[in-house]
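You will see two complexes here that share subunit A, one where it goes with subunit B and one where it goes with subunit C.
Moving on, here comes the complex of A and B:
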């Protein structure tokens, strides 16, 4: 259907407004890093800094172990993604394909785990990790993040696997695959959009966490994640917002790059042509 | 040898018995069609044969080898699914060659056999395309290619034509028939379409509610149905059924239909008081003949070369066979060729030959031979 000029104008207006709302915090992050202290507290606010301090980025990198913190965050996020994907792919596939006694209630039970507030789990998890002497290890955060991620990703993937016709696996089994090979060779390759969306969700959740990392990774800075590092930059009496914002730019960049990389897998329609 | 022997196979889901004791011997190279209404168990037995569902009991041999407990991939069969089930992430060539790759065949041999199968089915120009870039008919051919390339002992086909439009279905029906003649592989074909069954099968197995009703070649099924269900299922439009009382007073039994006494010979009628008489729509003729009936037409449907004339069965009306053919709900049907112009509400004289009557016991619904 052809759009009238008025419809086009309204459509673009809506898109520009939405994009503006979404992009404004990122823009403001940059501005806060670059503007002078006076400009930051001026009213009306300054939208374009008069004398941007580009050196702030290199200064942050030399004064703070940003790359080490980013590396730790990456290890934690990737570890959480890998661990949660292994568990939730198998669990989601099992819930989708096999009739288990009480499977429906088991599924709902898993989902209720997601409904518990994260802070509620911090205390018992801390007690468990302390008892087994793991406090301070990145593994504690990986495991803790996975407990938050797995319930939701299992449901997400179960829903995705439900949309894949069973006949595809049956055809693969007649062609000589066992149940596991049918999943690996047929189901998973065509589930790429679902897997990508799930992995992205897991990565973002892990990357954005502060509470778990702050609780389990006490002690030496070398074990901190990026969010802990940024939080530590807030002083008791003064806070250098330029520095914090510059560090935040470094922390936000990987997520944006990962989204750009995964975006092409997030499109649906990979099963097109399997059936009629 | 791709002969199949099925002995006492049955399937229960808890208390529910969806497939009653099923036994059938299929010769090497035979084309057997399992046909019946939805939920009759025909797809269940096919899946059990393919190993995709376990049987609750019984045994299956394919090519003289007991395969009852073997995985689908170890049974040396190939299957064509109703919705084709092509692997969407693979090309046509990879789809056809998938089964060979799983069997660790050298790539050069796979390529050779894939090309051969693709040529047989005229899909060789599309070998590098993905399934989504193919038409329905081409996808169906690729699914067939995936089956024939393996050179298995038997093909299992689960309503492979039901997703195609009417014209393409007729075309593919002929192609599958020709393919079967060429490769000669034992085929078990499931359909709910009795026309497919009649045109393709060497033998037809008619099923209802998980039970075999009759196993016979198409001609025998049509001429000598063993019960009311088979008589109503086979033939299009379905057979007309009329209730009739038997008169044993004369030298030979007679039944009364539309006011006429119809002699019915000595066909196992001894003792039967009430019977159901069946007459196929095409055995009713316009004008006078051996037995005449006067009818008022309710509805006339013209198909061009012939007309379906619906009329009321009056006191003979029964509700038999309606499970399989909703044409019967409109009344009795005569299928008349070269009938000229006919109108609704018109009074017509139809006739039939008593030889064409099928008689069934009213209680057991079994044919009276």
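Moving on, here comes the complex of A and C:
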């Protein structure tokens, strides 16, 4: 479509303004971490700190167990990814290759999983985990996350396996492979991009959770996840905005970087299942 | 070469069995972590229990929790807050999401970067989004109050988080900022699946840009927008982190949705039976609402 120069300028103007409004809060987070205490408690607000206080990042690391929180979040996310991937690779492959009764209702099941309020599910899960003495253990969160992730990852993987021609496995089976060996040795190796995208999506879902971690781990401070740690820094009456913003930068940056570099894969996960 | 088991799964007649075996772990895990707890929830909601202990003697079945619920003004207030929030945030996210998607769907230099940038809030964890907006809406030195004064909308700092009406708007804006990129991503995916030929053909027939949008883009986008609408609605319905960390449901319960009420009754007041009743009702509302919405746009999902 041809545009006049005026239209081009207007388009760029609109895009820059919109992007500016959308990205402003993220910019503000960094500025708040770097600004001096005086600059934070004055109006008009400081848009560019005169003397950025980079030391805040090392200071917050010594004052709060940020690395421990990040470590716990990583363990939970990796555990959830591994568990949900093992289970959903099997299920996705089964749904893609074999006629299974009830397999068609998977889409409906995913929607149901989306409808479940976390706050309803945590009540009985808390009761169950408490009765078997698991409250406070990272395993509770890993099990809960992976189960909630499985419907989505299964759906994504089934879609991916559907695109791989069956002739490949049939050829392997003619050569003497069993059906499982054909899957492990032929289908999985060429599915690496699909597996990676699915795992990435699962990682981001787990990393973002607050409800399950808060319910199961509140009493076990050494097992707090990053989101719990940050939430605990927001005081009821006063909050140290320099400190909490610097800590938030540590938690938000890994996920934002993953998104910036691997956006294509994550978007595939988001839209999978919606446009069939 | 794999060893042949007694059960020869390679034989076509037994292959469907392998399908079930592959699905078994997923089904078992979902049954243990989603279905079984749901049954416990319904069961708890029918008993007068404070802290449930499995193995303890079952309390008699009673509808007391539901009776108490339907006569409690707090519950109706939470319903009203939920409805207001769902409508505001869904509408805001749809408008912002669709317009940003249409904007970056134009061809221009740097459009890839613009696309990624505009959906960046999607990658920010909800708790972090709350930290950002809690400071923006701060009552003493917040950016938003300063902006409002600058624009002449008010002449003093607004106590966003501690005034009922203002807290609702602060919450809505935070949720829209976090929720619109999803709409944007879905809309873009939908826009890209429309064949360019359609537009070319319409142009040959002399259709204007507005007509092309009205008669090609919009109808072809409808199915994906229908699903998106349902997903965004459900997200607002179920949200816990943003509300809990930003306002905690306050002030004066003005931002307490059904989801927050469920949590607080259980883990704030230790009324697990009553909390489960609230949760079960929330789930029923979610199911009915999405069935109504999906019914309007069939053949999606």
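Methods note: the second predicted complex is superposed on the first by the 210 of 276 C-alpha atoms of A that agree within 3 Å, B and C clash if a C-alpha of one lies under 4 Å from a C-alpha of the other, contacts with A are read in each partner's own complex, and residues count from 1 in each chain.
One rule holds in what follows: contacts are C-beta pairs under 8 Å (C-beta built on N, C-alpha and C of every residue); 3 or more make two chains touch, one makes a residue touch a chain.
Not measured: the values here are computed from a predicted model.
Student: With the two structures laid over each other on chain A, which partner does A:45 touch: subunit B (first), subunit C (second), both, or neither?
Tutor: A:45 sits against subunit C, while subunit B stays out of touch.
Student: Touch test for A:186: subunit B only (first), subunit C only (second), both, or neither?
Tutor: So A:186 only meets subunit B here.
Student: Touch check for A:131: first (subunit B), second (subunit C), both, or neither?
Tutor: Once the two structures are laid over each other on A, A:131 reaches subunit C alone.
Student: Look at A:172 in the shared chain and tell me whether it touches subunit B only, subunit C only, both, or neither; answer first, second, both or neither.
Tutor: first
Student: Applying the document's definition of touch, where does A:13 land relative to subunit B and subunit C: first, second, both, or neither?
Tutor: A:13 sits against neither subunit B nor subunit C.
Student: Among the partners subunit B and subunit C, which is in contact with a greater number of residues of subunit A?
Tutor: C
Student: Residues of subunit A that sit at the subunit B interface in one complex and at the subunit C interface in the other, please.
Tutor: On subunit A, the overlap between the subunit B and subunit C contacts is residues 173, 176-178, 181, 270-271, 273-276.
Student: Name, in rising order, each residue of subunit C that touches subunit A in their complex.
Tutor: Interface residues on the subunit C side: 1-4, 9-10, 15-16, 18-23, 25-27, 29-30, 32-34, 36-38, 40-41, 44, 52-55, 100, 103-104, 106-108, 114, 116-136, 138, 140-141, 143, 146, 177, 182, 185-186, 189-190, 193, 223-224, 227-228, 230-231, 234, 237-238, 240-241, 244-245, 258-260, 262-263, 266-267, 272, 275-276, 279-280, 282-283, 286-287, 290, 294, 300-301.
Student: Provide the residue numbers of subunit A that touch subunit B in the complex, in ascending order.
Tutor: Against subunit B, subunit A makes touches at 165, 167-168, 170-178, 181, 186, 189-190, 270-276.
Student: State the interface residues of subunit A toward subunit C in the complex, per the touch definition above.
Tutor: 1, 8, 11-12, 14-15, 18-19, 22-23, 25-26, 28-29, 32, 40-45, 86-88, 90-91, 93-95, 97-100, 103, 107-108, 110-128, 131, 143-144, 146-148, 150-151, 154, 173, 176-181, 204, 207-211, 214-215, 226-227, 230-231, 234, 239, 241, 244-245, 248, 251-252, 255-256, 258-260, 263, 266-267, 270-271, 273-276
Student: In their shared complex, at which residues does subunit B touch subunit A?
Tutor: 50-52, 71-73, 77-79, 81-89, 98-99, 102-103, 130-134, 136, 139, 146, 150, 156, 163
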